Amino acid sequence: MTHLPLWFIPLFPLIGTILLGTIAVVSSGAKKGPSEGLVGTLAVLFPALSFAVVAILACSMPEAGFRETLCNWIDIPLFRADIGFLFDGLSRIMLLFVTGIGSLIALYSIGYMHGDRGFARFFAYINLFLFSMVVLVLADSLLLTFLGWEGVGLCSYLLIGFWNHDLNNCKAANKAFIVNRVGDVGFLLGMLTLITIGGSSLLNYDGLAAFIKMALGSGMIVGMVLPLSLAGVLIFIGCTGKSAQIPLLTWLPDAMAGPTPVSALIHAATMVTSGVYLLARLGIMFSQLEYVLIFITFVGMFTALWAAIAGLLQNDIKKVLAYSTISQLGYMFMAAGVCAFDASIFHVFTHAFFKAALFLGAGAVIHALAGEQDMRRMGGLINKTPATACVMIFAFLAIVGFPGFAGFWSKDLILERIFVSGPILGPIVYVVGLATAVITAVYMGRLIIMTFFGKYRGSKESEEHIHEAPAIMLIPMIILAFGAIFSGYLWADSIGITFFRDSIASVVGPAQALYAIANPALHVNPVIFAVLGTVAALAGMFIAWKKYSRARIIGVKGASTAPEGSAASWTFLWDYIHYAFIAGVNILGWFCDIVVEKVLQAIQWTLAAIVEILGDGASILQVRKVRLQLAFSIAGVALLVMLVVFSGGLV
Amino acid sequence: MELQALYIQILALVIFAIGIIVAISRRNLFFVLMGVELALNAVNLSFVGFAKTLPAEMSVTGQIVPLFSIAVAAAEACVGFAMVIMIFRNKESVDADSYSDMKG
Amino acid sequence: MLALVYFIILGVIAVGAALCVLLSRHPLYGALSLVVSMVSLAGIYGLLGSPFLGVVQIMVYAGAIMMLVTFVIMVLNGAKDKRTPMFDGVSFFIIPAVIVLAAMVGFALTRAPFAFDSATVVGSVKVTSETLFNMASTGPGYFLLFEIIGVLLLSAMVAAIFLAKRHLGSVITDNTEEKH
Amino acid sequence: MLLHLLVIAPFVAAILMVLNSREDSSASSRMAILMGVVFTAMSVALIVTGNQATTPIEWFHIPGTRGPVYYYLYAHGLGTWMVFLSCGLSLVALISARSTTGKSYRNFAIGIFALMGAMNGTFLAADAVLFFFFFEAMVIPAAVLIAGFGGEKRTAAAMTFAIYTLVGSAPMMVALWYLLTIADNSLLLSMAVAIQSLPAEHEALVLLSFLLAFLVKTPIFPFHGWQAITYSEAPAPLSAILTGAMSKAGVFGFIAWVLPIFPLNLNYVSGLMWLGLFTAIYGALMALRATDGKRLLAYSSMSHLGFAVAGVFSLSEAMLPAVLVLLVAHGISAGVQYFLMGVAERMTGTRNIEEMGGLSGKNPVFSFLFGAAGVMALAVPGTAGFVGEFTVLLSLWDLGPLPALVGGFCLILSATYVLRFIQKVIFGNPAREYQEGTRTTALEGVAFGSMLVLLLAFGLHPAFVTNSLHLFEESATEEVTSAEVVDESEEVVSDHPMTAEELHQLDSTLAASGFTEEERKALIAQIQSVEQSIDSAVAEEERASDSTASTLEVPQDFAEAQAETSATEAETPAVETEKTEASENE
C-alpha cells in the first residue's frame, strides 16, 4: 500500500527551522524585528502540518507499522548505519502528542513571547526542537535516535539560554548540556557495547529484537546477560541524564530559567520523557536484564520520593513544577523497572497533558504578574484570572490522581503494576510510591493555594496590572486542560477501556510477555488500588488545605526564591555531589596547568638556557677583529699542514 | 746551473707569504687591499711557472688562466676601493679594526 | 745560466719591493713599491716565455690598478694612519704563522718532482689569442669565459659607481679607464 | 598533472604575487583569492578523480645512499583530503586576512601560498626524502608569517615554533639517511624492506626518531610546548591553517609513514595510544583553564589530535576512515573557530575571553556563526565531528572498554570548555567598552558559512569522505588477488635464474607501481627460490612465511600499510603485471 513518506514528518519542522532561522539572522541587523504575524504563522504552521501528517499516517497504520530506509549514513569497516524511520504503535503515540502539544505550545508562545527581541529566533529553536524530537522518536536505530537525542539536548541548551544577556541563564544552559553530555556519553558507550556484542546491526531496533529472540531461542542468552547488562546500564545512564533521574537530575530545576513555554514543551511534556521512551523501545532487551531492572526501579523510586520532598520546599512556582516533573518521571521509571512499559508510556502521555497545562498556567500567571515567579508574592489570583485558575485546578486534580481525571488512571495503573510485580520488592516500592503520591498532593495543593487563594501579597501597584491572558494563550491551555481531564479514558481498566494498551501492545507486548514468564504477576483486586490511590490524593489535599490555607504566608520583598537552610541542603543534595566531581576536574586542571605545564616549561627553558650558555661560550672565540679571525684560521691551516707533513702524509 | 721550475715556485711562495702578511698584519685598509693584490700576483706567477712544466699545447692554457685572474683582480680592486671609499665616508677611518659592526 | 742570473736579479727586486710594501708607513710608498714588484714580475713572465702576459701585467696591474690605488689614496687624504701603529699583537702572531705555513709548503714543494718541459711554446700574442678565441666546438671554449669576464668587469664598474657615487665622481671616471 | 600543479603552482603563485603593487591591497587580494579558488577547485578535482600518481623522476642522489631520490607524487584518500584542507583553509585565510593585514596583504598572501605548496607537497609526496623536504619546508613560511604578522610576542612565538619543530625532526633526518644507506631507494616499500634487516635496537632508535618528528608536529603531550604560544600569537587566519592543515602532517605521518614502514610491536602501539588519550585529556583540561581565546582553541585542537592519534594506534579495522573523518572534521571546525576568533579579536581588540562577552547583541550574524561553529566542534550528531569521534571511539573500544571510557570522558570535557568559550565570548553583557572594529564582511560570512555547511554535509553523509578510501580498498583487493594469481603461475613457469641486479630492478619497478612491501617480499622470495633450486625453494617459502608470521603480532598495521600503499595499485593494474612479465623475461 502507498502511504505518505515518513520523512515528511521531520521535514516540516526542518523547513520551519530553516525559514525562521533565516528570518532571524537576516532581520537581526534591522531596527525593527520581523513581522510577528508572519513569524507566528510560520512557527505554528509547520508543526501543525507535521501533526497532520502524523495523524493521517496514524489512521492508516497497519499492525506492524511502517518502515522506511532513507539512505545510508555511515559505512566503514566494522560499522554500518542507515538513516531509517520506524512508525509503529509506540512512535505513533509519541509522535501524536509531541507534534500535537508542540503545535499548541507554539500557538501559546505567540502570545507569551509577544514583543520579545528574539521572537523569530525563539520559534526557529522550537521548530528545531520538534525536528529533533521527531527524529528521536521516529528513528529505527539507536544511532539515529542519538542524533535526535543530542539534538533535543542542544535545543534545550539554546532555549534555556534564550535570554543570553543574563549570564545566569547561560550557566543554567551550560549545566543542562554538560549534565546531559555525561548521560549521552553513557548512551554512546552503551551503543558501542552493543556493537561489540553483535555488530552494528544490533543498533537497529528490529535487529536487536531479532537478536534477543534468537539468543533466547538458542539459549545463548545466559552468556550474554553480563555484556547486555553493561550495555543496559550505560544506556540507562543516558536516560537518567535526559529524563533527570538520580544522579543526573540537577539540571532540570535550573532549566526553568528558559521561557515558560519551553519549560512546558521541553522540560515537562516531551524531551524529558524520551528516556522512558527509549527504555520502552529497548524493552525486549531490558526484559532479560533482571538486575538492571531492579536498579531502574530503585532509581525511579528514590527520584520520585526525593523530588516530591524537594518540591515541598520551593518558593518559585516553576521550580515546584520542575521537581514535580522529576517526581512524575520517577514514577514512569518505576513502571519501566517492572517492565510495565505500557503503563509508563501511558503516564508519559497523560503527564504530557496535565504538566503542560500546569506550566502554561504558571506561564500565564507569570505573564499576568509581569515576570513575578515567587509564590510568596502571589495569592488570590482566582478572582483576577479565573480561566487560568480553572485550567490549573483541573490539571492539579489530574496530577494528584483525583478519581476520574487523567492522572488517576495512569498513576494507579503504575502503582498496581508495581505491587503485583513481585512478592517482596513490589509492596515495598508500592508503599513508597503511595507515600510519594500523598506528598505530591501536598505540594501541588500548596502551589494552588498559595497562588490562587487567600489574599494578594504582592505590591499594590503591581496588583493594578494583573490581567487575564490573551485568547491565543488561553486556547491551548483549555485544550490541554481537556486533555488533562479526559486523556485518561483511553485506558480506563476499571471501566473496561484498553484502547491505549492495545495500540502499543505490538511494540512493548513481547517484552512484557517475556518478563511475565520470569516474574508471574500477583493477583490482587484492582479496586483496592483505586481506593488507596484516591485516599492518598484526598489525604494529601486535606493536609495541604489544613497547613497552607490558614497559615499566614508573609509576602517577602526582594529575597531570592532559592530555599534556605535545611531546605537548601535537601534541594541541592545532588548539586553538592556534582560539585565534588567538578572540583575533582578542576583540581586536575589546576594540576595540569600549574604543575605539569610549568615543569615542562622549566625543562624546555633549561634546555634552551644550556644551549644559550654553550653558544655564549663559543662566541667568545668570535672576536671583534676580522684580522684576528683570519689570523686564527691561517694559524689553524699552518697547524694542519704541519701535522700532515710531520706525520709523513704528504710525501 | 740552469733556471729550475722549483725556483719560480719558491719565489711565488715567498711573495704570496709576504702578500698574506701584508693583508692581515697591516691595519690600514689600503695595505690590506695591496696585500691581496700581491698575493694574487704570486698566484699568477705560480700558474705561469707550472704552465712551463707542461707539454706544448697545455702550456698555453696555463698562460691564459692568469689573464682571467688579472681581470678578476681588476674587478676586485675596483669594487674593493669603492667600498673603502664608502666605508671611509661613514667612519672617517681606514683602520680595519674599527669595522666590527658584524659582531653579534 | 743567463736566465738564472736575470731571474735572481728580478726575483730579488720583486721580493724586496714586496718587503717594502710590508714595511712602508705611508700607503703611497707602499703603492709605488707594489708597482716595482709587479714590473719585475712582468719581467719574470717574459723570461719564462710569456711576453703577452708580461705586457698585460704591466698594463693592467702596474698601470690601471695601481693608478686607481694611488688616486684613491691621494683623494682620501686622511688615509695616512698616523694614529694606528703599523703592527700590533695580531701582526706578530700572524707573521710566524705564515712563515711556518710557507716553510711547510716549500718543504712539500721541494719534495715534489717537476721540471720545465723543453718543448714549451712561447706565449706570444698570436698563440695566446688563437687559443683564447678558439671558437671551434671542439676547442677549449675560453671565449665564453672571456665574455663572462667582460660582463663581470662591467658589473664591477656599475657596483663601484653605485657604492661611491655620492662625493667622489672623479674616481668613477678612473674606473672606466681600467676596463680595457 | 594535477599533482604537479598542486605542489608547484602555489610556489609559482607566490612568485606571481610579488608582481603586485605593494600599495594596492585590493588588487592583490583579488588576485590571491582568485588563485586560492583555483587551487581549492583543483583539490576538489583531485578528490573526485581519485588516486593517481606521477611518473617518478630521478631527482638527485644523496651521497652514501644506494638509490636515487625521486620526485614522485601520489595521491591517496588520506592525502587528498589533507590537500583539500590545506587549499580550502588557505583560501578562507586569504579572504579573512583582507580586513586585518592592510597594506602588507601581498606579503601575507606570498607566505600563505608558499605554505600551501609545502603542505600539499607533504601530503602528496611518495618519496621519503621528498616528504621530509616538504615537511621541513612548511616551517619556514609559517615561522616567517608568525614573525611578520603575529601578536605582541610574535618573535618569541616564531622562534619557539621553528626551533621546536626543526629540532624535533632533526633526528628523523639522521634516521632517514641511515635508512637510505640500507634501502634500495627512498620509496616507502624499499624502506619497509630495509627495516626488516635491521637489528632490533637500531630499529627502535630509527622508529623513535621518526616518532619524535611526528609527535612534535601533532603535538602530543610532552612535546606541545610550542603549540599554545604559536597558535595564540600567530594571526588568526594563519592559526587556522596551522591547526587545520599543518598539524595534520603529524597524524598523517603516523598513518602514511610510520605504520607502513615499521613493524610495531604491541608495547609501542598501546603506549602511543595511551599517550594520545592522555594528550586528549590534558589538552581538554588545559583548555578548561585557558583565558586566552586562541590559546583555548590551541589546547582544544591538541585534545582532538591526541584523540585522533589514539584512534590511529587503536589499529582497528575501522581506524583509517574513522581517523580520516575526524581529521577532516577537526580541520574544518577548528579552522572556522580560529577564523571566527580572529574576527572576535578584531572587533573587541582583545584575546582574553574574560574581557569579551555580549557579542550576540552587537553582531548577531557573527554570533550565529560562532555558536554554530562551537556546536559543530562539540561533535553533536549530524555533524562530521560526531561521525569522526564516534567511529574513533568504536576503534578504541576494540582495544577494550577503558580507552573508550577515557575517550568518553574527553567528550564531556570538550563540551565543557566549548560551552564556556561560547558563553564568555558571545553571551552576557560586554565586560568593557569595545572600540568598534571591522565586522564580518559578507564574503567572510559566506566562506565561514560554507565551511559549516560542509561539516553538516560530511556529518550526514560521511561517505563523501570515506568513499575515497573505500573505492580503492575494494579495487585494490581485487587487483591484489588477481595479480597474485597471475604472478604465481608465471613464477612457477619461469625457471631461468635472475641476477641480483635484475632482482633489484624488479624490486624498484614493483615499488614504482605501488606494490605493498609484503607482496613484494613474497614475490622476490619466490623468484629467489626458483632461482636456487626446487628443493631449497620449499625452505625459502617456509622462511618467508615465518617472517610474515612474526609480524602477524600486529596484523592491522600491515592492513593499514596495504590500504595506504594500495593507493597507487588500483591505478596501474595492467601495467604492473606487464612490468613483472617483462622483467622476468629478461
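When the chains are written out, they are named A, B, C and D in that same order, and each has its own residue count from 1.
Here is the rule we go by: contacts are C-beta pairs under 8 Å (C-beta built on N, C-alpha and C of every residue); 3 or more make two chains touch, one makes a residue touch a chain.
These numbers were taken from a predicted model, which means no experiment stands behind them.
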Winner on C-beta contact pairs when A-B is weighed against B-C: B-C
Approximate Å spacing (C-alpha centroids) for the pair subunit A, subunit B: 91
Between subunit B and subunit D, centroid-to-centroid distance (C-alpha), Å: 55
Distance between chain centroids, defined by C-alpha means - subunit B, subunit C (Å): 6
Centre-to-centre distance between subunit D and subunit A (centres being mean Cα positions), rounded to whole Å: 39
Multi-partner residues of subunit C (at least 2 other chains): 90, 94, 98, 101, 105
Residue numbers of subunit D (touch at least two other chains): none
Junction residues of subunit A, two or more chains touched: 625, 627, 630-631, 634
Inter-chain touch pairs (all): A-B, A-C, A-D, B-C
Complex contacts: residues of subunit A adjacent to subunit D: 25, 28-29, 71-79, 83, 143, 146-147, 149-151, 154, 157, 161, 164-167, 170-171, 173-174, 177-178, 181-182, 185-186, 188-189, 192-193, 195-196, 585-586, 588-590, 592-593, 596-597, 600-601, 604
List of subunit A residues in touch with subunit C within their complex: 625, 627-628, 630-631, 634-635, 637-638, 641-642, 645, 650-651
In the complex, subunit C residues that touch subunit A: 90, 93-94, 97-98, 100-101, 104-105, 107-108, 111
Touch list for subunit B against partner subunit A, complex: 20, 24-25, 27, 96-97, 99-100, 103-104
Touching residues on subunit D, where the partner in the complex is subunit A: 222, 225, 282, 285-286, 288-289, 316-318, 321-322, 358, 360-361, 364-365, 368, 375, 380-382, 386-387, 390-391, 393-395, 397-398, 401, 404-405, 408-409, 411-413, 415-416, 419-420, 423, 426-429, 460-463, 466, 470
